[in-house]
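The two complexes that follow have subunit A in common; it is paired with subunit B in the first and with subunit C in the second.
Moving on to the complex of A and B:
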């Protein structure tokens, strides 16, 4: 039986690229949807606000695994015979991240003091100008550390995409182990690669947090 | 003298708490009205109603030709005419003094950057802070921040300025520098309504004093009315040393 070699490491490196790609899709897609939902969540219209609350609660209350199954098989039922795993995993992770980012960002928007909203309003700014020129610049500073922190969750959770047959880092590790049966070596390497991706992100998040606490500017 | 602001029988409740109970008063062009009264007398709420920051339950408010009580009120158009300065300054912390002032003229009045900058320096000079243009709010003292906030309002060339207890968060020395700016404004003919605890200032600068008590206008008259109150409540209030 062959043992763990450079070929396997290369395969894992290639799979890690897919993990990064899927993370990027989840973050960008989840960010766009999540931002829209965050705005809906603080809308003056009650119906819009409730729709956002329901969305957030449902997404946060559904295990990502189940979400991925639902989308993978759900799309097939709707009529598309063969759903590419990347699409199913991308949609699933986008929905998952949007539910959490919406809630994180809502908190950040609301933590900009109400008096700032009032001051902007009293200067006759339009709601759009108020958001882009006054509220967002302040909210983004507050939002950066928790957002980067959540990025780590996204990276780790892409491993669940293996259940719909997507070959990312975790799935690649499983495939290699099936052929050479050296679980400890293989999964140690897999874990090390995850760590190499996530550790810089956590460090960055912590550094941002510290910087923000020291100077409010 | 035409009325710039006219409140008639204004009612406003927060839940079951009646805050304004039939408030009426008028402020003419170039007049300085000082609204005084205990905490909870409704004076700040009255001021916020004038700027449509609060909606009223009954009565009418006319401000510079805008029917503020009307559900179809164009708030942005009202706020181009009315400037407001708050107790907590409310400068935008991510912008410098100059940028704070330039924001509304560029966004709302579509002035060019250069025009707005010139305007910013002009109003900063008027409040005595020309050299602080590039400072962020956190680098300024409370009194300086409040003067920048006044300058920010002034830059929109309002027809009416509202001051909501603008010196209440300041120590006596800083209070003085802010009051001086307001006095200059009053001399310059600006129509102003100020909610204040500064009795000496009200007596000296105000052309009209409005004493509010329990959500009603209790007494109104020139600054000298503070020396010979007609009602026991005002006598009490003046006598309490506020």
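Moving on to the complex of A and C:
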């Protein structure tokens, strides 16, 4: 029986690239959708606000695994056959991260003091100008550390994309383990690669947080 | 879109859905209680232990928080098997979940411990309280009280994350769903039903933890704010 070798390590390296790619898709897609939902969540119209609340509650109240299965089987129902696993996984993770990012960013938008909103209005800025010139520059500063922190969650959760047949790091580990059956070695290496991706992000997030709190120290 | 939704095929399976949901709740409850104990002990060790304990706890927390639960579940399940000990999938699932949530609890509780003001400790010292007394009356209880909302969200996430243990065929709700959909070929309907059940469970867990908080934190209930 062959044992764990450089060939396997190379395979894991490629799979790690796919993990990173899927994470990027999930973050960009989830960021765009999540920002829209965050704006809806603080909209002055009650109906829009409730729609956003329901969306967030549903996404945060169901496991990602179930969401991925629903997308996977749902796409076939809508009429697309043979959709690449990357698309299915990308959509699922986009929806998942949008639900969480919306709630994170809502908090950041609302943490900009009310007086800033009012002052912008008194200066006769249009709602668009108020958002882009006054609120967002302040909210983004507050939002950076938790957003970077959430990136770690996204990277970790791409491991679930294996259930829709997407070969990323965790699935690659499973495949190798099926052929050489050295679960401990294989999954330790897989875990180490995940750690190598996530730990710098966590550290960066913490450092940003400390930098942001400089005035309160 | 010509798909005919058919939920009637699933009606016959409701006892199994219920069984799965019950096991999910059991898994989560056991992992929550054990994870809370592990996490709190680790937080105390990290705040007040000798340097090597601090280092050990810090490594444990960072390693667990920066690797996916799925991989942790695999390592526990297959790792224990290679050691020659036979454990059921459910046991392996609980072990993995406890190890996982213990690290997150440690981080949350640590924030709570740090929020206890130094003057409180000095006051307790002056009153001649012993170390365990100080920890129990002055540090732990107010700390937990403060971070209780964060713990609540973490344990709801734990309940949802327990679905991952279906990958090692622990017989909880998601695994039940996987079996039912391959029996009935009603995949989409099955996962809609299970999604709704999870949604309901997350509300139930949230309300249960809120009621538990009301019962335990008497002072908070009477004052209306955390101290």
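Observations, loosely collected:
Heads up, the rule we're going with is that the second predicted complex is superposed on the first by the 214 of 217 C-alpha atoms of A that agree within 3 Å, B and C clash if a C-alpha of one lies under 4 Å from a C-alpha of the other, contacts with A are read in each partner's own complex, and residues count from 1 in each chain.
As a working rule, a residue touches a chain if its C-beta (ideal position, glycine included) is under 8 Å from a C-beta of that chain, and two chains touch if they have at least 3 such contacts.
Remember, predicted model here, so these are calculated numbers, not experimental data.
When the two structures are aligned on the shared chain, A:39 is found in touch with neither subunit B nor subunit C. By the touch criterion defined above, A:126 lies against subunit B but remains apart from subunit C after alignment on the C-alpha atoms of chain A. Once the two complexes are laid over each other on the shared chain, residue contacts for A:208 go to neither subunit B nor subunit C. In the superposition on chain A, A:157 makes contact with subunit C only, while subunit B stays out of contact range. Judged by the number of subunit A residues each one touches, C leads among subunit B and subunit C.
Of the two partner chains placed by the overlay, only subunit B lies in contact with A:134; subunit C stays clear of it.
In the superposition on chain A, A:73 makes contact with subunit C only, not with subunit B.
In the overlay built on the shared chain, the residue A:115 is in contact with subunit B alone; subunit C does not reach it.
Every residue of subunit C that touches subunit A in the complex is listed here, in rising order: 1, 3, 62-63, 65-72, 74-75, 78-79, 81-82, 160-161, 163-164, 166-167, 174, 177, 187-188, 191-192, 194-195, 198-199, 202-203. Across the interface of their complex, subunit B is touched by residues 115-116, 118-126, 129, 133-134, 137-138, 141, 216-217 of subunit A. Of all residues in subunit A, those touching subunit C in their complex are 57-58, 60-67, 69-70, 73-74, 77-79, 152, 156-157, 159-160, 162-163, 170, 173-174, 177, 183-184, 187-188, 190-191, 194-195, 198-199, 202. Of all residues in subunit B, only 51, 53, 75-77, 79-80, 82-84, 86, 88, 90-94, 103-104, 107-108, 136, 138, 152-153, 156 touch subunit A in the complex they form.
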